[in-house]
Structures are given as C-alpha cells and as structure tokens.
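Mind looking over this structure? Questions follow.
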Amino acid sequence: TPVAYSSGRPKPFQYTTISPGSTPFGSLDRRYLTMNTVGYVVTVRNNEQNSITISFFDLSRFTETHFEDLFGYDICSLNENATLFAQSKSGQIHYRPHSAMHSNWTKVLPLQRDEKITSVAATNKRVYIGTSFGYLRTFNIFGVPLAVEKVTPIVSLVANEFRIFIVHYSPFNGVSYSLYEQGPQSSKYFQRESPLPIFVPQSGLGSSGRSNDLFTSFNPLGIKSMFFNIYGDPCIFGSDNLLMVLSKWRSTMEARWVPLLDANIEIWKMSGGKETSDVSVWPLGLTYDVLNCILVKGKNFWPGFPLPLPSELGVRVPILVKSKVLQETKNKKKLQSEAEVAMSDDETKETNEELEIPVNMAAEEEYIRSKVLSSLLSDTLENDGELYGNENEVLTSLVGTQDKSLLRLFADACSEQNSDKAMSIVFELKQDRALNAAVKISERAEMLGLVRRINAIREAKFEEQMNSIE
Amino acid sequence: TPVAYSSGRPKPFQYTTISPGSTPFGSLDRRYLTMNTVGYVVTVRNNEQNSITISFFDLSRFTETHFEDLFGYDICSLNENATLFAQSKSGQIHYRPHSAMHSNWTKVLPLQRDEKITSVAATNKRVYIGTSFGYLRTFNIFGVPLAVEKVTPIVSLVANEFRIFIVHYSPFNGVSYSLYEQGPQSSKYFQRESPLPIFVPQSGLGSSGRSNDLFTSFNPLGIKSMFFNIYGDPCIFGSDNLLMVLSKWRSTMEARWVPLLDANIEIWKMSGGKETSDVSVWPLGLTYDVLNCILVKGKNFWPGFPLPLPSELGVRVPILVKSKVLQETKNKKKLQSEAEVAMSDDETKETNEELEIPVNMAAEEEYIRSKVLSSLLSDTLENDGELYGNENEVLTSLVGTQDKSLLRLFADACSEQNSDKAMSIVFELKQDRALNAAVKISERAEMLGLVRRINAIREAKFEEQMNSIE
Amino acid sequence: TPVAYSSGRPKPFQYTTISPGSTPFGSLDRRYLTMNTVGYVVTVRNNEQNSITISFFDLSRFTETHFEDLFGYDICSLNENATLFAQSKSGQIHYRPHSAMHSNWTKVLPLQRDEKITSVAATNKRVYIGTSFGYLRTFNIFGVPLAVEKVTPIVSLVANEFRIFIVHYSPFNGVSYSLYEQGPQSSKYFQRESPLPIFVPQSGLGSSGRSNDLFTSFNPLGIKSMFFNIYGDPCIFGSDNLLMVLSKWRSTMEARWVPLLDANIEIWKMSGGKETSDVSVWPLGLTYDVLNCILVKGKNFWPGFPLPLPSELGVRVPILVKSKVLQETKNKKKLQSEAEVAMSDDETKETNEELEIPVNMAAEEEYIRSKVLSSLLSDTLENDGELYGNENEVLTSLVGTQDKSLLRLFADACSEQNSDKAMSIVFELKQDRALNAAVKISERAEMLGLVRRINAIREAKFEEQMNSIE
C-alpha cells in the first residue's frame, strides 16, 4: 500500500512580502515599505485607510510625496523615476512616476487561490512582478504586458534596467537565485535558480539574539536588502549582517559570491572589541567600496521613526581573527604601559578604544579586498566601459594597493628568512616597480638567492614585453 | 556528542510508477497504463494474471492488440512503432513492436534492494529506463545496452528520438528536470537537474478538492502527463491543470517555462464563470496551439471506462482576471437589459452563458500568446527547418496577430490621449503596415506629436533597410 | 497572522569533519584521520594530548613521521609533498611538508559562532579550507591567502593541483557538488552546486546493516572517500559501496556520473553468490581500471588497527542480474553433475566457488565498461596529452575490447537469426576488422542479407576514408 506522501513533507511555507529594506510594523502603526540610496517609503496604518509617504535623501532633486492609500499596498519598489506599489493579495499594482509630467497607472493581476504577489521591481525600462507560485510577469513602464513565465516561487526581486536579480524559495528546491536579462531583442539567464549561499535564520539560530522571531515571521529568509551596486553588480545583505556581491556574474561558470563586509565585525571593531548588541546595520546600497547604511540602536535591529541619518562603512573582506586582534591589542597596550601602573586584563578590555589589527592580517585583508574590487571593476570596464569616467584611475590605484599589501607580506617572509614563501609572493606582484621594491627588501634581508630569482623574473618579463612589441 | 542525523530528515519518499497519462485503479479492476495522442494501454487485474489491451485513436493505421500479462507490468510507453512495458519491482522489461514483422524482446534489469523502475520511454531509436535510485539505462530498440549513468532519482521520463525529458525528485534535491540528448555520436544535456517549477500537491493544498488523496499517493508529484509537442518542445501538465512548455530549450541559459494554458480557467469560462468541479481536463498531447485532451466528468478527475472521445482546447496564456471578466459581463448584461426587467446580481450570474472578456485583456493575451508561439516556432525553424511544410506560413500569420493585438492596445492608449504609453507600444510593432495603421489611428485621435514620432521611426527603419541592401 | 517559519523546517544539521577515508573512533582510542593511495594518518587520543603518525605505503620514497598534537587536529589531507591538518572548532590549520627542507606553518582562520571547518585539501600548488557556513578559503602552500568566497555549506573537499571537488549539503539545498579550477590566471567552475546523485543514508535505510548508526553520526552523507583518479577525474565512493566517476567533466553540459563499481556485487561474487556481511570495502584510490582498497572484515565496515594490506578490485559496470547469474551457475552445475550423484538446490548453493556469468551479460558489461573507460581516457588525452606515456596504447586496446564484446553479442543475435538486432550492433562497431569478423559470423549463420548490408557499410566507410585523403 502506498504511504501517504505528505507524511514526510515540510509544512507549507508562508510566503511574505519582501521589498528591499522593508521593515515590520512591530508595535507601531507605521513601517518602511522599502528603503534604498534614493529614499524610503513609509505606510501608516489608520482605521479606515492607510497613508503613504515617499521621501528622498537628495532633496535638491526630489520632493516628498504623500497620498492616501485605499488599497493597502504592502509591497514597494522605489527608483529615481518612479515608485511602484502592489497589494499582495488583491493583485493590484500601482505605478507613480515622481514627475507630474507622466501619468500614474493601476492594474489588477490574476492570482490563483492562495497565490500572492511577493515582490515587485521597477526600473526606468521595465516593471517586474513576482509571486509565491513562481509567476514572473514583465510589463513596460506603462503597464503593457510583455512576458509571462513560470519559475520556482519568488521570495524577492530587484531590477536594474533590463536585469532582474531574483531570490527563490520553495520547500522542494531550497533557497536559490536567478540573474536574468530580459532585453528588448533577447532574453538570457546569467544564472538560473542556482543555490544562493545566504544564511537562513532557523529557530534558535538567530544571529543577533534580538527580536529575531518577529523579523523571521516577517521575512523568513532574513534578507535585509538586495540591490545592484553603482556598477550594476548584484548584492545581498542577510540577517547574519554579511554583505555579499556577485563577482564575474556575466559568465555563468565564473560567477562567485564574495563576502565584502561582515557588519558584525565592523561593529565589534567600533566598540573596541566588545561583543555588543546595541548597534546594528541596516543596509541601503553599495557605492563601489562603501556600504551606505543606517546604524540602528535599541531593541529592534531595523530602523524606527524618524529615520536616522545614513552612515558609511568601508568594505572589508572578513578574514580578521578576533582573538588575534585582542591579543595584539593587549600586547601593544602592555608595551605602552610598561612605564605606567600595571593594569589587569579586564581593565585593558574595558578601555576599548583602539584595536590593533596585526600588520600581516591587515595586509592580507587589503590584498584580498583590492583583488576582489579590481576584479569587479575590470569586469565592468571590459563589458560596459567607463560609467563614471574615473574607473581606469580607480583600477590603477587598486593594482598599486594590491602590490603594496603583498610587499608587506613579502617583507615579513624575509624577516623570517623564508625565501620559498617570499618567492611565492613575488609571483603575485603585478608591477615592475613592485618587483624592484622586492629586490630592495631582499637585499636588506641579505637573501641573495632571492634577489637573483626576482631579477631573473624581471628580466624574463622585460624580454616578453620587448618581444610583444616587435 | 554528535546528534543523530536522521532527526531532521524527511521520511523516506515512496517512489511510484508514473507513465504519461497513467491512472490509478481506484475502485475498479482496470486502469490506463499510459495514454497519449497515439492511443492508450489498459491493464485489467484478474485473479491469476492480468490482461493488457493496446488501443489506438487512428484505426486506419493501427490495430488494437490484446495479450495476457503473466508478469504484472505496471509501467508503459506507447509510440507509433511499439509499446514498451516494465514491471517496477522485478525489473523485467518487454518491448512489443506494433508490426508483426519485428520481434518482441524481454529482458531483466538489475535492481538493488528497495530500488524500483519508475518509468520507461521508447522512441523509434532508443529505449530508456529510469529508477528510483537514479540509474538511467539506455538500450537500442533491440535491447542492446548502450549506456548506464547515475542521476538524481527519476520520477518520470518521456523521450523523443534521441532526446529524453526527465523529472527527478529526491527529499534532498527537490523537484528537478533534465533535458538530455544521447545521440549516436555524442551526448549532451540541455538542462541537468534544474529546478522544475511545477505545482507539487501537499496535504490540504489540493487544487480541485476531488479524490486528491488517492491520486497523490498514486502520483505524488501530480504529473498528469509529460510529452513533447509536435515540434519537439517538452511539455508538462500538472495537477494544478497548468500546461507549461519549455521555450528556447536548445540554449541552456535562454530556456524558460511558459504557461500556455490554465485548464481551470478554460473550464471556468466554459461554465460561464462558475466555480465548478464537475469537469476536469486529462491531457493527451499538444499539437502546436491546441491541447488534445479528455474532458472528464464525475467523481474522479482522471478518465474512466470506456474512454470518452478526445476534445481540443486552444491554448491561452493565463492573464485573465476573473473578477474583471465577471464585471465586464455584468456591465454588458445591464446594458442589454436596460429596456428589460431589472435582474438581481445573483440571477445574472446564474444565466452563465456568454462571458465578456474585456477587449484590452483579450488583446494582451493574444499579444503574449502569439509572441510565445512564434518564439517556439522560429526556434524550431532555425534549428530543424520545416517539419510539416507550413511553418513559415504559420509564423507570418503569428507576426500579423501580434501586431494586430498591439494595435488594439495602441488604440486604447490613444483614446486615453496617453501618448507615452502609445509610443511604448509602437516600439513593439514588427511590420511597416502596422506602423502605418498606428499613424492612422493617432491621426484620428488628433495626436499629432505621436504621428510625427511614428513617422520618424518608419523613416529610420526604411533608411536602415536601404543601407543594408547596398 | 504569520505562521512561524520554523515549524516546517528540518532541525539544524550537524556538520562533521570528513576527510577522505577518515574513520570514527568507535570504541578505540585511535582513528584514521585520512587515508589514500599515498598513505594514512592516525591520531591517538591520550589524556592530555593527542599523538599523530603519518604512514606511507611506498616506504622507499617516504618515511613515517610522528608528532605530539597539542591542538587536537581532527581534519587531515595527505599528498605526496605534505600533510595538512585542521582543528575544526578553533580554526587552526597546520601544514607539514614531508621533506625537512621545507618549513611547517600554522595559522588560525576566523570562524563565526557555530561555524566549523569541515574539510581541507592540500595539493602541490594550493591549500583549500571549507567550512560549515560555506566559506571557501584559498591559500598558496606557504599560507598566503589568495581568495575567499562563499558557497553553500561544505561537507567535504579534495583537490588536485588547481582543481577542487567539493561536496555541499544544506537542509535548504540538499546534496550537491562543485568542480572548480582556481588557476593562477583565472578561475572557473566546471560544475557549481549541481545535484550529486549519491546514496544518502537515512534512518532504517542503511545499506549493510552493520554499525551504520555510529558511522552515520560520524559521516552523515556516508562519503567513505572522495579522490581524483590518476588521470584527474573526480571519483566518489559512498556508503552504498558504489564507486562513481565523473565523465566528460571538462564540459559542463556533457558531464555525467558513471557507476564504475558496485563493491557489494564484487563481494557477492567473491563469496560465490551468498549475501554476506562479513567483508566490506574501504576505498583508497582509483588507478585507471583498478580500485585500490582495504578489504575489511568484522563488526565495523571501516578498517581497524593495524591497517590490513591494500587489495585491488577491477572495475565492473553494475549491470549484473544476480538471479540470472545464480540460474546460469545452477544450470552449469547440473550439467557437470549429471553423471554424478544428484544434488539438492540448497547443496548447490552451498558449494559457492565458481559463479557462472551468462556470456551475453559478460559481453554487455565489457562493452559498456570499455566504452566508459575509453571515453574517460580520450577526454584526458585530448585535453592534457599523455600523462604516463602509454595512454594511446591503452586506448587502442580498449577499442579492441569494445568491438570484441560487441561481436559476441552479434554472434548471439545471429544464432537467433535476428538480423535487425544483429545489424543494430554492427552500427556500433569501430574497426574494419571487426566488420570483417561480423561478415564471417553472418556467413556461418547463413544470413546472406546481413552479409550484404555489412559489406555495403564497409564499402561506404572505405569510400569516405578515400575521399577524406584526397
């Protein structure tokens, strides 16, 4: 006799509405429907109807807008041209250009029983609507339908021109993402329903210990925000406070998720090495190497009202070992205070102002980070050319940083007389002047074999260049 | 101490045998082993042994066959040349050409403990056998083994010449599909174990409310049928009564599942807008834009005995909003009956004969549908050439339909004096005569700016064509 | 009200540490940290600290090493140059070259709360570290960090030069694998997080019935070992005792997992057709067509102390049907003993020495096997050239084997006067002398139509060759 299939099945997953940066009501009558580097949209729950306010960070370009909401819009996408709203259950969508020169439109989309809209995205070219049953509907910005297709259930999506970054979840296929270009002439997936390596909150496994349950029922996958950075690379910021960027995404088999910032580590550093849960990071967007965000204090880890001013956090690849940093800091403090009164360990930890990152660790981080950023940037340059005019300059500076951080590791290997390790670092150097500096450092360390080997490399590279000129 | 791994695991999934269109015994002594546009195979359970009948729709080409089945075959694949049977537990397979000129053969395949054959497929080139442990075995049509490989567990498969469309399920990897070509010279996956966006029935989530539990234990993933349409595009019809076709499948990263028909909506339309559960659709195959199917009435949603005559349903992309259709219908009725006696809402709904699809909604559907069908067809033409001789003709007519439906949307935008929207539609038009018609419509709407912009486009296109000739 | 997401979730999976060939402590104070064709590493648990011994199979090249382990290393990778250790919870890694000319190094990696290192791999080029949170860190062999990326949680990994074969598991994305090349100039996935068709042990579903629960908590996915064969093809050996190799892995869409050996069947054959659980196979590595392994006897299915001498098992594609083999054996025995005293069935089974594999079954196995091996080998030759100098020779011999086994199947078809089947086999023959042999066989079977058809093929092939010369 056949065994009932349902016995081994997970219970139905409750799809919610996830817009980038959206927050739960919590105990308040208002919440952010969405939030990014352009601005934020707030809905206020009244008895009879809601009211919605669209606010902007750049007040010189945009004007705050307010309107009464008869339909209970609970999903939102905000860009520089317009705001797009959706009501998850009725299927109504509403498009509002910021400029009064263009007209609003409203449309109802078909939903099956138990289906709901989970997320929407508007760009200056397209409107994309995703549902819990995996219907992905594409419209132009005047509401003319262009395509319907079916994918695994959609949890959230964001878009940039003709490109869509989708997060999918189903109990049968787990957490995945798609990166999809629906151009006017042709459509192409860069990635389709590939596993997405985000941290998924589970009961008892919350990352911060604060108000997690409330947030998890609001946003089961813990996606604080998704966005494209200013060069068009897809980014995601999860409830583990990790910012990841998709590198080399134009090539399906070269793409990889790179961790660019562990906000928990940055807060730990800010608080001088104390495990704190007073401050949290709410992401807005990534502009090259700086995360725009809201620093949130208090009980909830999402922003309340009014919205605090945005902050900036420089990206840092998470390779810091906390215990090593604390030890280095203690050593430094001890050195400094040898002439002073002796201090207990505990007291050292209390005066938590300046953490000492071990020199090598800092050099390693800088090396990896400049490599990641230059890989992202050179990919953009090769494919889209200069978008802001200074990309080639930035790229040159990144290569310099890469070599400088390697030379610091090289010097350290020389100080240990480890010529094999030193040589392995030489192979990573990009510029001739860095090779030259490596020669100088090895001379000072009296490692003449190393000097010879590096000079041989320089000559070989010189020959190669000469030959390629002829 | 390590926690037992099994604690968090789903219970073992019970693999069943799923042939295209196969039905459960239910309370009867007979069931359909398989069913498609060629015919159907019925097994009758007797005390000692079973008897099997192979029947065909085209009686001019094929003759019904009957034989006694000593082995209890429970899996079947029927094509124009032969019928292939398998016994899921003993591993015995049996190949019977329809023509007496070719000989039958029988073979036993190795199965491990708890392993079972879940599905088989025969084409005029190959025999494919899939098991619950993921063994995929390929034979030529005389039973000579050609390949063995291991994939994720196979739930069902169908084949077309050298191509196999496989549905996989495992509690660890969810519902996925492969599209695989095992040619004489080389083998290649178009898609391998990619997430398949079908609706999977879950307890309490059944789509029709009728005899779901019985069917779900017979066919846990609710796959009513899988087949290739007459142009060789893979199709699947799930228990949510949605027909999906895989478009652009020859390119791994361009392929996408397009919903081509929501049979629930069609039945709703047939019943004049009533939610009914009296009629259900049992699919046989897709011939370009028409679904061949059995309309089933009664308690079960699968066909009983004798088999009702096949019906045809034209494909329709599901973008209809029921509430809007009912409202339009009501408005129309009210208009018609203004001179007549006033009718209550309920009565209006009762006389459920002619539903009014709003003009715009119909145009939108027609536009999307003709775009989907022409994309499918042009993909076939580019790769396989004309298969039936009329493909280019059909394609031209589809482009015409596309433009005509767009012009209806264009006219509507003009009637609202929305020139931005009207212009956005112009960009989608394919033919010059459609652009010309758009000029006429805008002239009538007295939108002279729009006329100028469309004429500019016509001229630019004309220039381009001239230049490409030189 | 939103339903708690956790209700439908699997309980957190306990990540363990899986090195190739590693064994649990069981009731002993020692266990193998890793084991492969180079050697094995043993850790002994003492009260205060552990001690570790690195042993080698080739004593002419390597010397056994012993050291005291203060850190409790529980993960290990052994290659011909060095041993790499890791402590899963503290994040400490330790690299020890076998040669005293090169220096050891130790490094601590950052781990988040609840994160652990699950596996490490060292090649002569790179060191790779994988964690339960999906951090994949790459270093050169001197400990200089080269890359950090995030993938789905890593269960185990092995590496070969710049290539990494990773097994992933997460409750959300199931069991998958990646094959990744992180070269000095560029990085590329051959496969990324694709479903891996291994047997996953579930409660009550163990494959051998012996000490499974203990092993399953030690190694939840039942991966006895992972390695690259001597030609660089990824292999995996699961708890179902199946050896699989990834064929055509250089092409993402042509790659497929081929079962190369079912060790259970080989043991069944060794024991003359008895279902035994006395002997088990513990894999070390694959050298072309021979599995190096330890034959384990006793309660546990992993090796104890001291390590038994390695054995060799020739690969065999699992297509044997046990019942057919037993029947053939019985028939043969009966024939032999007709002159002797009559024996009962049971007694026949008792004298289990020589199993008779039916001739056709043996020929089918040999055909598939030589096809698989020649496909693997020709892929290596085309891409990497000859690695050991005899590859072209081996390949020629494999083509000969292929044709010889086909001719046996051809002769059988002729003996049944089945000319269609015979002809279908002719199409698979590679060499002209095989075609010639087929002609001879069909002449002897007096199938003149068949002779004509084969000769026509021979002539067509000859013409083709002549034309391609001109």
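We call the chains A, B and C, going by the order they appear; numbering starts again at 1 in every chain.
As a working rule, a residue touches a chain if its C-beta (ideal position, glycine included) is under 8 Å from a C-beta of that chain, and two chains touch if they have at least 3 such contacts.
Computed from a predicted structure; not experimentally measured.
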item: Copies subunit A and subunit C touch via same or different residues, half shared test; value: different
item: For subunit A placed onto subunit B, the superposition rotation in degrees, Cα atoms, nearest 5; value: 120
item: For subunit A paired with subunit C, centre-to-centre distance based on mean C-alpha positions, whole Å; value: 39
item: Residues of subunit C engaged with two or more neighbouring chains; value: 10, 12, 171, 174, 176
item: Subunit A residues within the subunit B interface of the complex; value: 2-10, 12, 91, 102-103, 105, 108-110, 112, 114, 133-135, 137, 140-153, 168, 170-174, 176, 184, 186-190, 192-193, 252
item: Of subunit C, residues touching subunit B in the complex; value: 10-14, 16, 169, 171, 174-176, 194-195, 197, 199-205, 213, 216-218, 220, 240, 242, 244, 253-254, 256-259, 317-324, 364, 367-368, 371, 409, 413, 418, 420-421, 424-425, 427-428
